[in-house]
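One chain, chain A, appears in both complexes that follow, with chain B as partner in the first and chain C in the second.
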Partner chain A sequence: MRFLKGKKPQKSLYELQEEATEQNKTLKKSRRAGSNRRDRRGKRISVLYLLPSILGVLLFFVLPFLIVIYYSVIDNPINGEFVLFDNFVMVFNNAAFKQAAKNTLMFSATAVPLAVVLSMLLAMMLESKIPFKSQFRTFFLSPMMVPIASVVLIWQVLFHYNGMMNEIIGWFGKDKVDWLNSAYAQVVIVVLFLWKNLGYNMILFMAALSSIPKDILEVAVLESASPFQIFWHIKLRYMSSTILFVTIMSLINSFKVFREIYLLKGDYPYDTMYMLQHFMNNTFGKLDYQKMSAAAIMMAVVMVVIIGILFITENYFGKDVEG
Partner chain B sequence: MMGKRIGTGRNGKKRQFIDLVMSEDRWNKQVKRKKKLRDTRKIVKVSLVTLFAACFAVLFLMPIVLTITNSFMSASEISANYGQVFATTDTGGKVYISERVNLKFIPDLVSFSQYITVLFKSPEYLLKFWNSVILVVPIVGFQLLVAMGASFGFTRYRGRIKEMIFFVYIILMLMPYQVTLVPNYLVSDWLHILDTNWAIWLPGVFSPFAVFLLTKYMRRIPVSVMEAAQIDGAGEWQIFQKICMPLCKGAMCSVAILIFIDYWNMVEQPLILLSDPEKHPLSVFLSKINAGEIGLAFAVATIYMVPPILVFLYGEDYLVEGITYQGGIKG
Partner chain C sequence: MNNRRNRGKKLVTIFLTLAMTALALSGCKKSGDSEDESKKKEFAYVPEYLQVDFGISSENMNVSSAVACGDVLYLVVSSWGEDSGSQFSLYKYNVAEKKTEKFPLEIGENDYINQMAATPEGNLAVMLNRTSYDTDENGEISNYSSRIELKVLSGENGSEVSTQDITEALGGEDSYVQYFKIDGKGNYYFYDGNQVLHVMTPELKMICDISTDNWINEMVVSKEGDVYATSYGESGLELKKVDLTTKALGEKLEGVSSGYGNWSYYTSASKSILVSGEQVGIYDISSKTEEELFSWLDIDVNSNYISQAGELSDGRIWAIYNDYEASESKVEILLVNKVKASEVTAKEEITYGTMGLDWDLKKLIIDFNKSNEKYRIVVKEYGADDYETGRTQFNADITTGNCPDLIDLAYGSYTMYANKGILEDLYLYMEKNGLKKEDYLENIFKAYEVEGKLYAMISKFYVTTTMAKQSVVGDIQGWTLSEMLDFVEQNNPENIFDYGSRSSIFYYCIYNNIDEFIDWENGKCSFDGEDFIRTLEFAAKFPSDEEINWNDREGTYSQLKADKILLLQSSISSVQNYQMYKGMFDGKVAFVGYPNSERRGNLIQSAGGCVGISSKSKHKDGAWEFIQMMMGKDYQENMSGDWGFPIMISALEKKFEEDMTPEYYEDENGEQVENMKTSWGYDDFNIDIYAATQEEVDAVWALIKSADKMSGSVDEQLNNIITEETEPFFKGQKSAADTAAVIQNRIQIYVNENR
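Here is the complex of A and B:
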């Protein structure tokens, strides 16, 4: 019979398998080579997209920073003699710098956590079913729109020695407080900061809360978890990256508060309001670049450490929840 | 006693046992009563929370309302309320030396005199307003453009080097403006753009802030979407234009609002980089208004508030929607 005659010597199963894997390998290799080529091309193009921004940042942000570093290790711009850490030691022993660093640290350490916690509370308050939710949202965001100058004006009126706050305190039979020229000054600034930033932070948290998968919450309720447990084990976990984000944003904004303090009280405010930015601003005014640069570098180092810690904590805390 | 367990009780609270003897009727009544109790409790809770929120809202709204209502007061009423003397101290700060500072919400007599002064009698205010627009609008537009490209670059083909650069961006973004104040001045001087609008525009356009926000958002877009497009033969430009741009619309709007509000209120940069007061934006001018012009300050501030409010009303939904994913993104 024809088909018997023409029968080719049959390959064993093993041989077939061998052949298939061989084929597969070459196929994969060629595909990988192709994707490699495409990848490399894509990579190059993606760098092109980055380029304008990187060039600009180099020119207007990194280069200035390098200049700052240079200034911090020379004795003065004209001589240009290399003195290594002299400026740092000098600044570090400067009483004004110490005061400023202490105040800035105190302010950020109180204002930022407060901003995070309070805005989270506000967000959860608005998350529970209350009427006029979107109106409240707009109201809480409204401080963002007020020009700084009028904020400063109103804050002065409120916290002036004969101002409204003291009048309200007077109703309760308390003594007047000179808000802006006493130890309370920092409280006033913290309140101003919170007033300005709570709304935006709150929106961030509201968004995070609404993106928590509903089924997980429902299961938790069915498993009779207490509201606190739900908050601690589920909501907080899912919000961890938002918390990091809000903390970073609050940190940025906590440095911007200088603008308000400056407009409120000028170059030399009351001791507890004297921030690092005042120090830098004043040393700049005196053309004392080395001091200013040394202070700036120290501040930058502290910032890097803080951000590093934040990222590590966030990684540790929220690693098992994706997204 | 024979007991039948009904439900496990919510939140692990008391478990209820009722006798089988209890009639269905009684049982229903009890359930109804409990439900009613729970309902009233809920209503009380919600109204308490609402009241609390309302109190907060009033506090938050007060400055805006004050600014607007006070702008309708006549100059004499303002000075009566806020003191006879509004002097400037030698440090540049403002101090009230009046006996009593009176905060008033409703003007005795609605007067447009402040507005007339601002709008018709002194053109300088409108000029400064225009300066603000000229300074801020290009920054917002081009910063968005540059940042979109950069965040696309940071999103595609992530590697160690890119992550490091991104971290540097975050650090730079966090630096207070005072740190780079002097060097910025020197660089602008070196580039011969000092005292021109370019000195404000260029650092603004390349600010890492928008890059950070947009990258955080764009990395949220599933990689598979872009890969699918790539397999279908889309080039990088097409992926950027057809996938990233439309998906990031909300984020772009929200970032634009944030940038706009931030730069609309800038004070330090123009003061240092623009020596010519003619070129200063209204924000600088507003913060310098002093003696006797406090009434004008309210009117100018109200006018100055109009663009942010418009931007806000137009984009608030975007702001909320655009942020929706930002928070949840893993860097």
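Here is the complex of A and C:
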């Protein structure tokens, strides 16, 4: 072996391989270190950007909820003595609360399915080739644009003892009905709720219908599937997440119907119109925060359970169509 | 390049974030900012009362008008005496030198100074009404003449500079000038009784007549020399400039305290206009801003006694102060000095929360603040701007620990507050401080008791009741609802009350008797029962509000006398008050009260506030000191006015003794003749009241003792339900049974909810 003067001896293949492995390790290490630094910085920035929202959620949702929990376990906001579940027991045994819970449940159980089913039918109807589609769409959406105070005024004109409805039934020789002070009161409110909410739900369903892949529908037609089979096995499956969303929104809106009832009949309406929010609103006015909080927590628990069931149902029916 | 762009984006983002944050936080600024607060802390305002010697007994005089010119006040003093009759004099008062000088203006027996104003030259223009007439031996008046003279007097010594008869210029002898002002150019402004503002040059040549749509309430000259007028517009009282170019009132001034408060406007020395209501401020027209100086209440001055005000050249505020309710009424000039806050002794502050400050309590609070060395009461008036918002805030303060130390319980639901543990039991304080229940009218305490505890104290009261002729109704002290209905149906009168409408009669039957229809123990109501339905049908027999003839009607007394009406709803607030009703009922009056299942329908109503102590107060001792003052012998025996009885038995007895003590005067034959104490009137009935007899006092005693329930304790929600549902029934749209069923249904929820 000859060695040239002043030059290093050449490395063997093994040595070169070793060197390369070491270099790779160092490079990976430095890359990992750089990536860790970037990750940490990224996390810090993410936290910084999320901070206002987190603070907002803490301040406007979490903190009030904690306060409500606190109020629900004390005797009253002035004395502040801890009474554990006494308020829950007291509220649960209160006849007005029971009445309100029953009415709210009845109302939601009637109005929400109707709002979902009717708006879906309307959406499907407007999807098909019928004349005056856009006019119908506008017609069903228009109640959304009317301010609630005007809606209530219209309803008062319609369902007042001397209102239009009684005029109409009078033409058929029927006696006047005190719509807002009788067992019919909740029917009036269900109609009002549907009138106000169908348009919005319908638009959501129309969007869901238009997003169903056309090729699947065409294949189903080619395979001689009946319209019902197409609706049941394809459309309904693809719309399951929208149905869940519309149901949750309608459920939430059904609790908000208090606003209309309050404007129609004040704090103490006829018993069939007395909702949970009346109970909470009135107890708040009378400084019975403990009663109000206990009722609110019970209502929240029921809402969570219902929404949980809805999610499980949607998961069960809609999992095979989710991407 | 990319870096630069990114940096630019970052800068924009930071700028937008800061801008958004600043915008969001700008909403957090309070009306009284920190600069104002620190100014307030640095300085304090202290009142100084100047006794001006006019050489007239203070009981027989009044300052009817005042005008400031620099630091000199010109005062019109009216005085009266048995021999001299009513007289007017003009005085000059130098505030700096505290020197009074009477001006040599001759004012005849039948003359009076109507108005006066300062001229730009520092003279005084006086409008003197001169009346003359002849009277014959029968007392008939002839040759009646009424002239208005405008006299300009030297501001220096009151010597006459000029005199002009302006009667014709103002529209003749029947004319009347409501307001008179002089602007910076010397033009005269006369506002007459026909809503016309006459503007004339200094030489009394007509410039224009301005007709106003709304009645002018007040006129003021700004520091700049312009004349402004106040009148009620869409948003309450509005201040508008008298514009001589357009010959009309201009746009309303923005930024000045106005609206529905009790505002007055005066010429200011430092800025344009001095504004005085419960607050005092100075308004600058150019910047349209008002600087708040102080509140009369905060400096322990009762604004009810202030008649005129202004600002001196050194910035001190002056006012004419007349405590006409005091036992020794006197007119003083009030000067408000601005001093360093450190010079004023600091006291512990007690908050008094109220929706609207009661007249008597305001006076009492000021007296307390003046006399108490340790505590001072600060009033927090929740309902000053908006009642509903105020009430929500009041409730929020109560529940969040920000509760006032003293709570005015005249508003809102006393029982609700008592049941929530918000209030202290005052019986414990009475016991601790040696105040005996038996020294007071215990039935009054009973009326305010909740489960054996007393949560509120009243200082005086009156009894709300219903009266009937004893000869018709018999010697009874109360009745149940069915007894009352039977009685009216048997007698079959034209009406029960004067102006008795269906709704008011129904109100009378039900509202103070509502507990008869609610069984709180078992949570049941009986509004669909026979009694309620009978009451509805009974009330429906009477005319509706629209059917009642409000104009062409017989007087109440005549109707009672002819048995056209059976009852009279009213209240008894004094023995004299009772004497009048006794006269109206021809000697025998029965206080049957409101229908009530226990036949106890005479109700207690507070006549001077209703106060409780917060259970969360940090100054309970101080708060009790105030209540003790309300109950104290000194206040109870010397309370002003005839409206209401004291709650202390000895004070009530003393008052009765005074009522029974006759007053005499000597007639022309030198004989002592009993003088009437006062005279009272009710519609078509008038009576002179003399010293009460023992029998009359006993009757009032019996009435007071019969009342042990509080008036107005029905929840507003119940009122609303009943009023709303009975309306269609009274209009004949629904049957009584249907109406009762709906009321029953709605009130049942209320009852269930509140158990």
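Everything that follows uses one rule, which is that the second predicted complex is superposed on the first by the 271 of 323 C-alpha atoms of A that agree within 3 Å, B and C clash if a C-alpha of one lies under 4 Å from a C-alpha of the other, contacts with A are read in each partner's own complex, and residues count from 1 in each chain.
Operating definition for what follows: contacts are C-beta pairs under 8 Å (C-beta built on N, C-alpha and C of every residue); 3 or more make two chains touch, one makes a residue touch a chain.
If you're wondering where the values come from, they're calculated on a predicted model, not measured in any experiment.
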item: Which superposed partner A:T138 touches (first chain B, second chain C, both, neither); value: first
item: Chain B or chain C, by number of chain A residues touched; value: B
item: First (chain B), second (chain C), both or neither touched by A:G173; value: neither
item: First (chain B), second (chain C), both or neither touched by A:F245; value: first
item: Partner chain in contact with A:Y289 - chain B first, chain C second, else both or neither; value: both
item: Partner chain(s) touched by A:Y268 [first = chain B, second = chain C, both, neither]; value: both
item: Partner chain(s) touched by A:N94 [first = chain B, second = chain C, both, neither]; value: second
item: Which of chain B and chain C A:M303 touches, first, second, both or neither; value: first
item: On chain A, positions contacted by chain B and by chain C; value: 162, 266-269, 289
item: Touching residues (chain side chain C, partner chain A) in the complex; value: 395, 398-400, 403, 413, 416, 420-422, 523, 615-616, 717, 720-721, 724-725, 728, 733-734, 738, 742, 745-750, 752-755
item: Contact set on chain A toward chain B in their complex; value: 38-39, 42-43, 45-57, 59-65, 67-68, 71, 122, 125-126, 128-132, 136-154, 156-158, 160, 162-164, 195, 198-199, 203-208, 210-211, 221, 224-227, 238-239, 241-242, 245-246, 248, 251-252, 255-256, 258-259, 262-269, 276-277, 280-281, 284, 289, 292-293, 296, 299-300, 303-304, 307, 311, 318, 322-323
item: Contacting residues of chain B [partner chain A, same complex]; value: 8-12, 46, 49-50, 52-54, 56-57, 59-64, 66-67, 82, 89, 91-94, 96, 98-101, 103, 146-147, 149-150, 152-154, 156-157, 162, 165, 168-176, 178-184, 186-187, 202-203, 205-208, 211, 216, 220, 230, 235-237, 240, 261, 264-265, 267-268, 283, 286-287, 289, 294, 297-298, 301, 304-305, 308-309, 312, 316, 319-320, 323-331
item: Touch list for chain A against partner chain C, complex; value: 76-79, 94-97, 99, 161-162, 178, 181, 266-271, 274, 279, 282-283, 286-287, 289
